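Below are two complexes that have subunit A in common, paired first with subunit B and then with subunit C.
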Partner chain A sequence: MKKGLGKYVLIRLVGAVPLLLVVAVIVFVLLQYAPGDPAELMLGMDATPENVAQMRVKMGLDKPLHVQLLRFLAGLLRGDLGTSWQSGRPVAEEIGRTLPVTAYVSFVAIVISSVVGVLVGVLSAVRQYSLVDNIVRVVVLAGVSMPVFWLGLMLIVVFSGFLGVLPSSGWGTPKHLVLPAVTLATYPLAMITRLTRSSMLEVIRQDYVRTARAKGLSMRAVIVHHALQNAFIPVVTVIGIQFGVLLAGAVLTESVFAIPGIGRLTVAAVFARDYPVIRASVVLTAAIFVLINLLVDISYTYLDPRIRYDN
Partner chain B sequence: MFWRRFKRDRNAVAGLVIITLIVLMAVFAPVLAPFDINAQDLAHRREAPSKAHPFGTDIFGRDILGRIVYGARTTLLAGVLCVLVGGVVGSALGLVAGYYEGWVSAAIMRAMDVLLAFPYFLLAILIVAVLGPGLVNAVIAVSVTNVPNYARVVRSSAMVVKRHEMIEAARAMGASDARIIFDHVLPNVLAPIIVLSTVGVASAVISTAALGFLGLGAQPPTAEWGLMLSEGRSYITASPHITFFPGLFIVLLVLGFNLLGDGLRDILDPRLK
Partner chain C sequence: MSELPGRTQPLLEIENLHVEYRTLDGIVKAVNGLNLRIDEGKALGLVGETGAGKTTTALAVMKLVPTPPGVITAGSVRIAGREILPLGDAEMQHLRGNQVSMIFQNPMASLNPVHDVGSQIAEVIRLHQGVSPREARVRAAGMLRAVGIPENRAGDFPHEFSGGMKQRVMIAIALACRPRLLIADEPTTALDVTIQAQVIDLIKSLKRDYSGAQLLITHDLGLVAEMCDDVAVMYAGRVVEKADIAELFQNPRHPYTLGLFGSLPNLKKSVHRLRSIGGLSPDPKMLPRGCPFHPRCAERMDVCTERTPSESVVGAGHTVCCWKYSESGGTR
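On to the complex of A and B.
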């Protein structure tokens, strides 16, 4: 490990705690302004006032607001996420069931898009203005302009409808993974390809690349040993950011393919007014988001020796 | 000078043409689709494209082309509104934060950090959860998520501009802070704002359509492209045209703004990526 990195990581981690607490407070306060009484909603139309009052006690809604908030924050700090109003099960259990699914699909998608994106981006940059480059640029543009939910549905039409080779929805077998992963990979793939290309184009024009070529190294060696490493720094940022976006934005893909991930859990909780689940999933996703950004910053130190954290 | 460079950029021109066509479609919707687009015709449900209905009919037998034409109004208006609201608020915050350093700037930027800690789309969902589903609330939600982007970019540009000698000169001549910000700083940070707004419409269109798709945005019977394509979901393999055509128009509109935005970036602000 690099000198000073441990301290830097520690400072960043400690700094993330108040940020996430503020996020938690905002989520809590915002939900208080949502119209309607969650207890009444939970019981339905023909609940008596007594039932509602009992339900409010059970849900902890009878306590003053600041007590509810402090309970929620104290619970978070202890790792207690509360109980889902809808299912009656611990929220931690619900998230433990759904988060791995989302993480798995997102991970597969980001691996696909990173590998393919970097390869295609480099190829496109090395052969700037060639036929391949032009095709790549058009495809990239289409990729960033396509709503992910529409793309998913169109893939279903082709691969489940016409060809009948892949399932349109559900979860469990490797076959179920293909369409969601491809759908999810498209946008980051386009972004990574685009950035690798532009970053590579910039690096190729640097003096050290010319020097390396001049001393007789092959183009391939120069790209692999000199250019790629430097072109990779901004690419890593985008991969990190996109992975965070995937985890949080997987809700649309999960909805299209009926995948039991955390995104669908959140949206279902929004419709059901299941506050404990909404709060926990938002705070947790924000925490993952912040953590991934930290990992990206740490990865810089390994890729770029100029970046140090010891002062 | 601007126009000459603009005309040479084929992508930007293509983007402008696409946007213009869709704007014309929205403006002349009553001429292009001179019938009630909400009129249900249950005898002709889910019909494939034909001469009478070039894009087919939806699950209630409504003409899809007509609804797409009118939907252009909803989608365009929503996308542009998100950028206007988010852009004006974010730029104002960025100007203030960039011009006054110290605790004002720190407070604004910490608030932006908090907003950015929320994953973008999740924040939009959360806001809609509080305000309730609907197109107006979806626009508010997407606007809020846009604010920090403008604040950050405008702040960093404003910090550069304010070190310029003309600002010192204006201050020496006794101009007030407000006057300096509006007359001298703002015009010099317009380029990044314009670039950001153009690409911003593209992402706002996708986000509002996505909220519509989840049932959190525009509500039936509004003709909004995201909602329209979600209405065909249950018949996705039997009648893909219900989903295909509204989505295709979202892609076109978003593509138009992305092309235009990329072109404007190259022309106006080569440093931005």
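On to the complex of A and C.
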């Protein structure tokens, strides 16, 4: 571990607590402006006013807003996310059920897109304007512009419909993982490829790359030992952001493939005005981004010795 | 060396070298039929304005002209008698950093920011001397000491050094394998004047121990006078005049060389303005017909606008490319 890094991490983590509380307050306030009464929605069209009033008491909606907010925040600080109004189960349990699914698919997707994206991006940069580079640039453009749900549907049509080799939806076996992971990987893959290419193109024009060549190193050795590490900093940043986006729940992909992930949980909660679940998943998403950004910032210190956090 | 005194074996011989950059705006003719020769153990100064093709010449000797857009279209480059232009990558990689080394103009950007300086020196040693990583580190530390940097700074990164110290590290990298030819491309241009003197002294003092011949690229005639045995003056991609240092400084012949000396300040005379050579160096995309200097030349003759002059011998080891001195050449 680098000098001063432990202290830096501690400061960042402590600093994240007020940030997450602010996020919690914002999401709480915004939900107050959402149309529809959760109690009415819960009971359905033909509920009597008495039933609704009873339900509001049960849900704590009869209390003044500041009391509701303080209860929610106090719960958060204790680690208690409350109970889902829809299922009646603890929110922590709901998230514990769905987050690992999303995390699994996201992790596979980000690994695929990072490994392939960096390799293809480097190749494309080293052979700038070659046939390979031109093909890569067209495919990348398509990858960035393609709507995810459409890609998912096409993959289902081809691999489940015509070829019949992969399941079109559901969850449970490794086969179920393939299509969603590929779908999710496409956009980050295109982004990472494009960024690696441009970053690499910039680095291989640097004087120190010429110095390395003048030492008698082969082009391959120059790329691996001198260029890659320098080109990697912006790429790591984007990998981090993309991983965060995936973890926050790929609503469309999870819906297309009927995967029981956190994205679908959240969307279902929004439709049902299941405030405890919405609030928890928003705060959780914020926490994930904070953590990933921290990891990215830590990785900088290993990539570039000029970046230090010990002062 | 066992050769006769005065005329030893040529270490670097460049004949009729042509290099051009093929860009979208047109073909930039950077080097146009350049001839050069450096003898074993000698230092040659290659002088000329910005854009004269000095750096391209140096890169051609390393076969590091950026391609595309650069292409070596014709000519011959021999190092210690061996023709290098047809050599493949692997053979060139064996020569670079080993037999021929180069110090670049901008030390600030020439070192890799993410590796410590010790490993950047050790890398070239390990590559060419086939020693263990540990031994390479030891030798790298020795090179650091040789360029006047304490060994214990080997683990420091380039951003922790000043510009002058970075250039010292570059010198250590270039000399680590005791190259037969050291190319120094404006090694002091980017440095403070006080640091310049230190770096020059360092190159001079290390030359004896570490390097055979030397090609110093500069636009600084004072630097050439201090460091070199011979001088070649370059204009629009060609060498227009060459001689040993005493001869050239006492007896410059080419109108361009005369112009260069004329633009030097004279400490004994007080002048209102320094003299300059009228006009600009030609656009290498559209070189003038005939002698490329003729549009700026005060002594222009008809033939100068028609045909390119070839080398005329005007003294011992002193050649000039100018119709003024050509026996077969033009008439006034």
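The rule we apply is simple: the second predicted complex is superposed on the first by the 310 of 311 C-alpha atoms of A that agree within 3 Å, B and C clash if a C-alpha of one lies under 4 Å from a C-alpha of the other, contacts with A are read in each partner's own complex, and residues count from 1 in each chain.
As a convention for this text, a residue touches a chain if its C-beta (ideal position, glycine included) is under 8 Å from a C-beta of that chain, and two chains touch if they have at least 3 such contacts.
Just so you know, these numbers come straight off a predicted model, no measurement behind them.
Q: Using the superposition on subunit A, decide if subunit B and subunit C clash or fit.
A: Overlaying the two complexes on subunit A (C-alpha atoms) leaves subunit C and subunit B fitting together cleanly.
Q: Looking at the overlay, does A:214 come into contact with subunit B only (first), subunit C only (second), both, or neither?
A: In the superposed model, A:214 contacts subunit C only, not subunit B.
Q: After lining up the shared chain so the two structures overlap, which partner does A:161 touch, if you call subunit B first and subunit C second: first, second, both or neither?
A: A:161 contacts subunit B only, not subunit C.
Q: Residues of subunit A touched by subunit B versus by subunit C: which partner has the larger set?
A: The larger set of subunit A residues in touch belongs to B.
Q: Between the C-alpha centres of subunit B and subunit C, what angle is found at the C-alpha centre of subunit A, to the nearest 10 degrees?
A: 80
Q: Would you check which partner chain A:23 touches, where first means subunit B only, second means subunit C only, and both and neither mean what they say?
A: The first partner, subunit B, only.
Q: Which partner does A:201 contact after superposing on A: first (subunit B), second (subunit C), both, neither?
A: neither
Q: Determine, under the contact definition given at the top, whether A:34 touches first (subunit B), second (subunit C), both, or neither.
A: A:34: touches subunit B, not subunit C.
Q: Output check: A:47 vs subunit B and subunit C. Expected answer is one of first, second, both, neither. What do you get?
A: Neither subunit B nor subunit C is touched by A:47.
Q: In the overlaid three-chain picture, which partner chain does A:289 touch, first (subunit B) or second (subunit C), both, or neither?
A: Once the two structures are laid over each other on A, A:289 reaches subunit B alone.
Q: Upon superposition of the two complexes, what minimum C-alpha distance (Å) separates subunit B from subunit C?
A: So the smallest C-alpha gap separating subunit B from subunit C comes to 12 Å.
Q: Which residues of subunit A touch subunit C in their complex?
A: 206-208, 210-219, 225-226, 229-230, 303-306
Q: Considering the complex alone, what residue numbers of subunit A touch subunit B?
A: 19-20, 22-23, 26-27, 30-31, 33-35, 141-142, 144-150, 153-154, 156-157, 160-161, 168, 198, 244-245, 247-249, 251-252, 255, 266-267, 270-271, 278, 282, 285-286, 289-290
Q: Write out the stretch or stretches of subunit C touching subunit A in their complex.
A: 62, 64, 89-90, 92-98, 101-102, 104, 106, 109-116, 123-124, 127-128, 157, 159, 170, 173
Q: Which of the residues in subunit B end up touching subunit A in this complex?
A: 113-114, 117-122, 125-132, 202, 206, 209-210, 213-216, 226, 229-230, 233, 236-237, 240, 243-244, 247, 250-251, 254-255, 258-259, 273
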